[in-house]
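The chains carry the letters A, B and C, assigned in the order they are written, with residues numbered from 1 in each.
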Amino acid sequence: MHRNTDAKRITRRRFLKVAGAGAFAGSTLSILAACQPDTTAQSGNGGEEGGNGGDGGGNGRLNFYNWSDYVAESTIPGFEEETGATVTQDTYASNEELLAKLQAGGTGYDVIVPSDYMVAIMAKSDVIQELDFEKIPNFENVGENFRGLSYDPENRFSVPYQWGTTGILYNQAELGEINSWDLMFDEQYSVQIAMIDDVRETLGVALYRLGYSVNATDPGQLEEAKQMLIEQKPLLRGYFDSTEISPQVANGDILLGHVFSGEGILTALENEGLAYVIPSPAATRWTDNMCIPNGARNPELAHEFINYILAEEPGAELTNYTYYGTPNEAALPLIDEELQEIPEWNPPDEVFERLEVIEDVGEATRDYERIFTEVKSS
Amino acid sequence: MEDRRIQERPPDAPPVDRKVAVALSGITKRFGDFVAVDDLNLDIYEGEFFSLLGPSGCGKTTTLRMIAGFEEPGEGEISVAGQPVQGVPPYRRPVNTVFQSYAIFPHLNVFDNVAFGLRRAGVKGEELRQRVTRACKMVQLQGFEKRKPRMLSGGQQQRVALARALVNRPKVLLLDEPLGALDLKLRKEMQLELKNLQHEVGITFIYVTHDQEEALTMSDRIAVMNEGVVQQVADPATLYERPRNRFVANFIGQTNLFSGTVESVNGEKVTLVVPDGAKVEAVAQDGAEPEPGSEVHVAVRPEKVRFGAAGDNVCTAEVRQIVYLGVSTQYITWLPDGRKLALYQQNIQDAGGYDVGDEVTVSWDARNCLVLGG
Amino acid sequence: MGEKGKGWSLGLAALLGPAAFWLGVFFLLPLLLILAYSFGTSGIYGGLTLGFNPSNYLKVFDPLYLEITVRTLVIAFINTLLCLALGYPLAYFIALRGGRWKTALLILVMVPFWTSLLIRAYAWVVILGGNGIANRTLQFLGITDGPISLIFTPQAVLMGMVYSYLPFMILPLYATLERFDTSLKEAAHDLGAGRWHAFWRVTFPLSMPGVIAGSILVFIPSAGEFVIPNLLGGSQTVLLGNLIQQQFLNARDWAFGSALAVMLAVLLLGAIMFYVRRIGTEKLGGV
């Protein structure tokens, strides 16, 4: 008899468990469906909160999502003064972070600054909106070289912001003059070399050295690049953000650093004995662009901001701070002389020829990621 | 009467050829400014059940711990079985301790607890099993070997502690108030059991307690201590009947104390005059000869005082309190000068027939009235 | 007898309500989400479609990723052992010999907690750098001739992990040791156990609850660690945490990242259950 009641109890308990689980699962699934990361359009202009603050100027707010340390001190105050708007700036450290943020539903950003290949990806994923060039008259300041680039041939989605190269900041006093990537793979300088923690840039260096394109998809070529990087790894101090590499060269911890041009040039100018070079046989040229995401709360103000940046003075101020290249021809005369004299800053044509632009490689992106993981964990 | 230090060999000492299990000479122990043990000298003989008795703080536990090796004396020497143990850590002394809190290892079962010391000594296999089982049997814990300590009662745990210590066949077993946590009935049972055990096993037991009844029940000899100093070392009967000083007289059993001035001394007999003028006949101890005119203290046990006038010392008193104790009745009487005199009467018949307020005559013999030291 | 008093009351529900809600929404729900994602399919440009796609789990067993998993567990294990080896003596000393200084010493152990992990990690970068104190001391003592590379190595990562997780080991150990009855130690000595044996056979087995608690508190989070390998390892030591982070932030492969996360959780659960079972049934201390 005792056993009977136990059995009954167990069965009832089990039943409740299963039923409860089922109910819970059911409700969870419906919640999950609602929480699915939304890669479709956030809805057209005006985004989530409708046309809140839709008219620019006056008491408008602009949410600017940018790389860190990528505006001049005067840029934002200048805009605020001119339009009476308030600007808040958030920062991100990589294109992937930017994309992930937007895809996870990061809302309310009015202007973002993705790099070249990311613009293509974002256009394909319908995360950014088309620009209304009637509201950006200053577009005419953009040089020919910077219009209609491969990632956005008709400039439907983007307008160039700054451009630059990725090269080597090195200790010229110790090493003499260099002009290729080779020394970064040289045993002699073991642990005095650092590379950028970016899959496309770093894999790119190996590909350049092998004579391949930075956008290679051929498995054989990628395999060779992988081997080269695996051999290089023991020689490295580590993989870092570009901003962490320049100080390491400056204080002597390393002799050769893989850096973006702006910091490279800036650091070289500030420190005796250092130099920045765009190595042969090839190097990356990248362009950061201004875009307006689909969830923008204030697209009107966004367009005004973009237009403002493209004006000659703000454009010059920007470059005079970041020391990156400007696509803004009208701004050229206002650039610091010191900067204009540096060939790496405004490379001559023959150098320009051997620069490649990183493009989206579609399916091969996963291969690149896997290779980089393999290299880093070797 | 000056304070007399206890000699190593009291006059009623056992024959010289008995071996000394533990010898303490000139032991002093200080904790900061506090002197816990002051120039202690003791010889404890093989095979005896020896107790250290005294109130808390008298230094008995400290002395025990010094024998065990948990404390080192500041001055003096200790030797166990003839070997000095200066600086020898506890794990190398041939002594074992039963702690007040039993200190049974909670993570080991009874068998492993008892076996602990043997294993440390390298005993294993069949010999180990046999000795442990025998030890458990000896303390009536056979069959309990697999139990964990938390499944044992206080009394059972205490037996485990005992077995655990004895199984190692130490030269001396030290017991630190082991029966304190038990209820009265159990305590009385255990006292007898311990006494029997000690006879059975035949090793020296050194037992610390504050309970004088317990000490009197179990011990062959007792050292009474107070404030770090040994007051008297003797067998229970001697301690009871012939306390050497006021402390011992008061601590052991009940006593009536008087003080007075010596009038005359005649051999053993001492006559003294008490404050209210009466004369008291007492006897001196150990051949002491108090000076006439000096101040002395005398003690007489309540059971040695009778109703009636048949005795060397007679006086009248008023009954103030009657305490019925079943076996006996205790009468508290007041002498004319306000001093109290207690007397016990065995209830051979029913109640003694005296009431509170009665004027009575009480008396006692001189030979039961002892002159005390210090 | 009856089930009297075991029923639900309004008061009980009110007390449990907030906690249950919090746990449910911020703990249980995200876990379920991750579980669901792990069976989804990631889009090339990010995004995720739900469904039943077990291939993410197959990917988890790819040799490259398996190697990373093994490395992570090994490092977490070594980290736990080192924390135990360093933390136990310290906890022992504070609990049993600390006396008046107990509280002060405990506070000293906890003070690093109050500063940001980032600051502490960067401090190590400075200390272990080419010109840092470590190198200069080594050269001063004549052990090395020139600066050696101490920072951005796997050893630096391990050291950083031991440094940040040590308090998690010390505090539970201290709590257990503090309650230790010293008369047990005396009893052990009395029965012939020297200092080592008294410790090993009595004190240590009785401190096991603290050892277990501390080990779990150190092992689980260190298996998921990703900040220290980046800050102190120069991103040259890839652990599961880094891999998962990369899937979510760089590779845009949320499904795979979720599968890795689920696998990590399952592994840790399994490891803990095994550990606790084993310690629980074994005759602690015994012979």
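Points worth noting:
Here, contacts are C-beta pairs under 8 Å (C-beta built on N, C-alpha and C of every residue); 3 or more make two chains touch, one makes a residue touch a chain.
No experiment lies behind these values; they were computed from the predicted model shown.
Central chain by Cα centroid: C, whose mean Cα position is closest to the mean of all protein Cα atoms. The chain with its Cα centre farthest from the Cα centre of subunit B is A. Per-chain CA centroids place subunit B at a distance of 58 Å from subunit C.
Taking each chain's centre as the mean of its C-alpha atoms, subunit A lies 34 Å from subunit C.
Taking the mean of the C-alpha atoms as each chain's centre, subunit A and subunit B sit 90 Å apart.
Residues 29, 32-33, 36, 43-50, 64-65, 67-68, 71, 129-131, 149, 152, 233-238, 243, 246, 248-254 of subunit C are the ones touching subunit A in the complex.
Listing the residues of subunit C that touch subunit B in their complex gives 181, 183-184, 186-194, 197-198, 201-202, 205-206, 284-287.
Residue ranges on subunit A touching subunit C, taken from their complex, read 28-29, 31-33, 35-39, 94, 96-97, 99-100, 103, 121, 124-125, 191, 194, 197, 199, 233, 236-240, 251-253, 362-363, 365-366, 369-370, 373-374, 376-377. Residues of subunit B that touch subunit C in their complex: 68-70, 89-92, 95-97, 99, 101, 103, 105-108, 112, 116-117, 119-121, 164-165, 168.
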